[in-house]
Amino acid sequence: MSTAGIRFISKPHPVTGVTNSKLGIWCFLASEVMLFGGLFSAYIMLRTGTADWPRGSSLLNVPLATLNTLVLITSSVTMVMSWASLAMKDLKKYRMYMAFTILLGLAFLVIKGFEYAHKFENHHFPSTSTFYAIYFTLTGLHGLHVLGGIIVNLYFLGPGSALWKTNPDQLTGRVECAGLYWHFVDLVWIFLFPVLYLL
Amino acid sequence: MSDKHDSHELPFWRKYIFSQDHKVIGIQYAVTGLLFLLFGFSLMMVMRWQLAYPGQPLPWIGKFFPETMMIGGIMLPEFYNQLGAMHGTIMVFLGVVPLAVGGFGNFVLPLQIGAPDMAFPKLNMMSYWLYFIGGVIMITSFFVPGGAAQSGWTSYPPLSVIAPTGQTLWLIGMAFLINSSLLGSINFIVTTVQLRADGMSFFRLPFFVWAQFVTSFLLLLAFPPLMAAAVLQLMDRLAGSSFFMPSGLVVSGAVSHASGGGNPLLWQHLFWFLAHPEVYVLVLPAMGIVGEIIACNSRKPLYGYKALVYSVIFVGFLSFIVWAHHMFLTGMGTKMAAFFQITTMIISIPSVVILTTLILSLWGGSIRFSVPMMFALAFLPMFGIGGLTGLPLGLAAADIYLHDTYYVIAHFHYVVAPGTIFALFAGVYHWFPKATGRKMSETLGKIHFWFSLIFINGVFMPMFIMGLAGVSRRLYDPIQYAHAQPTQPLNVFISMSAWLLGLAQIPFILNFFGSLFFGKKVNENPWGATTLEWTAPSPPPHGNFSTPPHVYRGPYEYSVPGQKNDFLPQSLPAGQAGAPEGR
Amino acid sequence: MAEKYYGWGLPIDISTNGFQIDRLIWVVHIFMAALFVGWFCFLVYAILKFRQRSGHQAHYHTKHFKLPTYLEIGVAVTEVLLLCAFSFPIFYHVRQEFPQKNKAIELRIVAEQFAWNVHYPGKDRIFGKTDIKLINPENPLGLDPGDPNGADDIITLNQLHIPVDTPVIAHLSSKDVIHSFSLPVMRVKQDVIPGQSIPIWFEAKKEGNFEIACAQLCGLGHYRMRGFFISESKEKFAAWLAEQKPEPKGAA
Amino acid sequence: MSELSHEEIRHHVKIYIRVFTALTILTVVTVAVSYLHLPLWPAITVALLIALFKGSLVAAFFMHLFQEKRLIFVVLALAVFFFLFLLLLPTLTSGLR
């Protein structure tokens, strides 16, 4: 209706070679790069400004975070597999991989929840020190991104997949974009993990 | 997606309130932005009373303010600081940007590139409503205990961290505005790249589209660090963290509970990383509007279109790496100060190119003094003053003396008020016929123009003198300092000018609403312009063009020799160039 | 008094460095004025010459102007000059070329909402230790009574006395929020950042009673954060210093 | 990417599995290195190099950047360029005298 006449929604533009949503999601990810850039910049400035910055491994639970890293990497694989299934026109497999991705995302958040609960039990809060402040802020914001990704994926698992009947190409494109976001969240974690937990 | 192509089937609230049509959203943005401009300006008119007549009760309206703002009509310093902080915030984030980018960008850009709508209409609608919610939160903050944000629009910590609740609302409101801009900018970029009409190559784009395109990149990449900063400041305020709180603070005699270890300069870096590009977010669309109007009203192509485009791209690019010139006096070393001085001087060069090119575009023209043209012409010297006075501020040594004085206020207001806002007025007068099918009154427009021009200079010109006299900005009572007392008559003069400037907006308000109903009806191209928006009906229907337009030539083919009309629309096929066109 | 020092332009300059900054301000303004007048005259001329009138037509092809190129080069060269001949050396001189400590007097300036505490080290030229836990209304800087270096220290509120013809090194710090220490007649201004101690230096060459201003919004009392800045002869300064009682010690 | 044949996608899936294996191994390696308790700078160098490599794998294969269109790279190049300024200049400005 209001999308009447808008071109390149499901087919790529002949010159640029991409669809609207593909360019849109990459612009969004570029801005996300700058968002986390600001936070990493804060981390660097605060860390270099302090003589006695603690090593993360001495305060945080490295085995739990390693497990979480593996969970998130696995979820990235299932995400990309769900897109590949869709590209091979296999809706059933798509649904299965998507459900896995969502479950793994939830598992990540549950593990994170345990980690937080443990910190709170030991009276470690953002107000405890600048290290904990940046730890809670960065992981918290990343957690919100995971939550957002789960909601998007739930949409594409449920009501969003109805598009399959009318415009399978568009659905495949949308799932690819959701995947790009999900992999980006994974990618941020790949950097957060050593920066906060190991160094 | 559905079969309903006809917009008339939509219920009222889908068509006019939660509309996904770029034109309706553009008008929503523009009207809301204009209202916020008026509101922000009113805050300043109240402030000007205290500056002209410190400690005297505000006549007539003073008694309507609650005791938390004024006692017996006498303004409290807390309230003065709230007015100052909110004036800045509202004018920049709720007034000028929404009008320039949200309003004109939304309405004009898809039409000018020959697109049926924005690439993501739903996101476009969300962008407006996020902005609206952000605006409501900002206004609400005046009524919470302790009042609105009062640490300046820059919100420097630690002051902002220890400030009352209003600051929290300011940060939450900013988060909404940032996300609104983000959605808007993604939409502009994708629309410009993907949805240009056939034949509309990048160098056939109207200059306005280029300006909006570069602006969108600034919004896309510069706003997120402010989002990060806002999150950190919210953590400091709500979770008790110490990102911006150094160790060993003693606030009003009591040792601070904060854990310490933070750095207040971190906020300044993240804030100015946004806020310097933000200046260009304000100015570039204004330059775009001025370029359109000058070409159309001088009836000739813009001089050096490509130089303009390259300059705008260059300015946008460099605007990311000049931010610390706002921080020369924070104890920065001379090496980094030298770096930022050099980038600041380099960025002035493309600005000079843009201004010179726009002025040279008049040469050889046949200038039609319509109201939009008068505002556009006034933009040139006014922006010139604003740009030039940035020079001493960009030289660290001169900045030692001028930093944080009224000189700074005069400088950036010349860029934003008689510069950008004049260009925005020009845009309103120029595109009003396209949005409504009626023209605004020329007489009222000329009254509006001349009085605005005179009084706005009466407001800002004396501030240079005060700045040179060393008067600090943001002073609740300007006559506490001996060195400020000789300039107090200027404060009275400025306040008078400001109130008269307020009166000078009445013709505009009357004109705007009156012309909606009584304005002269015009055809689709009343200015005889070449760009695509003037080939669509006024107002354009849903979907804009009955058939997708095809573009055959550059944007400013005015007064082409040997043609019947003195303008060739971009969509006119080469063979029919001599054909008569509606004028 | 006010009429003598202050007016509608730059106030009186009593410092050894100020003339350089003033000169830069004037040079830049002359450059700006020249550029602006050039632009403005051209604009007005073009508007009049090419106004719409009968018998006058716009030209599609306009001549190529060489002027803008020269203008750009001129602006660029001038800016390089402004940077290299003025801004860089002046900023370096003011911020990096500190006088020798034994020839200068050293003091600390501690800003708070909304006052300036000036801390003189006394005869021993060594500042006493301070601790924020010791801060109370009697002891605004938290001077440690157990530290012998602090016994002869002098702390004044909003009173900055300096001798003429003597370089002064001031260490700026803040107890609470960001302030900006400004001496308009000295062309001195420096933000005071909590958590940092920022050194600045200046030297007065004339006597007089002036004021310290706060240039950065620091709260509701920002407008009255005014201090007294007295530049006086070396004898008077010595006499004033001798009159001041060393800081009374708060209950430790 | 929607233009791919099933054959190509099957090939992709094989690559995804290999990338997954590599990411898992690298995660284990970076954790193992952290238990060696290297001095700070070598530890930072090793951890960031591994993270950079892992990140590149995700971006190149899961996000299909290795065969993405030029336009996307232009957007990303801008972001990365300003990201570097944002990351380094604040600290340099407050650190370098």
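In this document, chain identifiers A, B, C and D correspond to the written order of the chains, with residue numbering beginning at 1 in each.
Operating definition for what follows: a residue touches a chain if its C-beta (ideal position, glycine included) is under 8 Å from a C-beta of that chain, and two chains touch if they have at least 3 such contacts.
Because the structure is predicted, anything quoted here is derived from the model rather than measured.
Asker: Which chain pair shares more contacting C-beta pairs: B-C, or A-D?
Answerer: Higher C-beta contact count between the two pairs: B-C.
Asker: When the C-alpha atoms of chain B and chain C are each averaged to a single point, how far apart are the two points in Å?
Answerer: Those two chain centres are 32 Å apart.
Asker: Chain A to chain C: how many Å between their CA centres?
Answerer: 49
Asker: Nearest whole angstrom, what separates the Cα centre of chain A from the Cα centre of chain D?
Answerer: Taking the mean C-alpha position of each chain, the two centres sit 14 Å apart.
Asker: Could you tell me which residues belong to chain B and also touch two or more other chains?
Answerer: Residues 189, 193, 221-222, 225, 260, 262-263, 265-266, 269-270, 273, 333-334 of chain B each touch two or more of the other chains.
Asker: In chain D, which residues are in touch with two or more of the other chains?
Answerer: In chain D, residues 71, 75, 78-79, 82, 86, 90, 94 touch at least two other chains, as defined above.
Asker: Touching two or more other chains, which residues of chain A qualify?
Answerer: Answer for chain A, listing residues that touch two or more other chains: 16, 18, 23, 27, 30-31, 34, 37-38, 41, 45, 49.
Asker: Applying that definition of touch, give me each pair of chains that meets it.
Answerer: A-B, A-D, B-C, B-D
Asker: Flag every residue of chain A that touches chain B in the complex, lowest number first.
Answerer: Residue positions touching the partner: 1-8, 13, 16, 18, 20-21, 23-24, 27-28, 30-32, 34-39, 41-42, 45-46, 49-50, 125-130, 132-134, 136-137, 141, 166.
Asker: Under the touch definition given earlier, write down the residues of chain B that touch chain C in their complex.
Answerer: Per the stated touch rule, the residues are 76-78, 81, 84, 150-152, 156-159, 162, 246-253, 255, 260, 262-265, 298-301, 303-304, 329-331, 333-334, 337-338, 341-342, 345, 348-349, 352-353, 355-357, 359-360, 362-369, 377, 380-381, 384-385, 388-389, 391-392, 395-398, 400-405, 465, 468-470, 472-478, 480-487, 490, 558-561, 566.
Asker: Contact residues on chain D for chain A in the complex?
Answerer: Touch list, chain D to chain A: 1-4, 6, 9-10, 12-13, 16-17, 19-20, 23-24, 27-28, 30-31, 33-34, 40, 43-44, 47-48, 50-51, 54-55, 58-59, 62-64, 69-72, 75-76, 78-80, 82-83, 86-88, 90-91, 94-95.
Asker: Report the residues of chain D in contact with chain B in the complex, numbered from low to high.
Answerer: 71, 75, 78-79, 82, 85-86, 89-90, 92-94, 96-97
Asker: Within the complex, which stretch of chain B touches chain D?
Answerer: Chain B residues touching chain D: 189, 193, 217, 221-222, 225, 263, 265-266, 269-270, 273, 320-321, 324, 327, 332-336.
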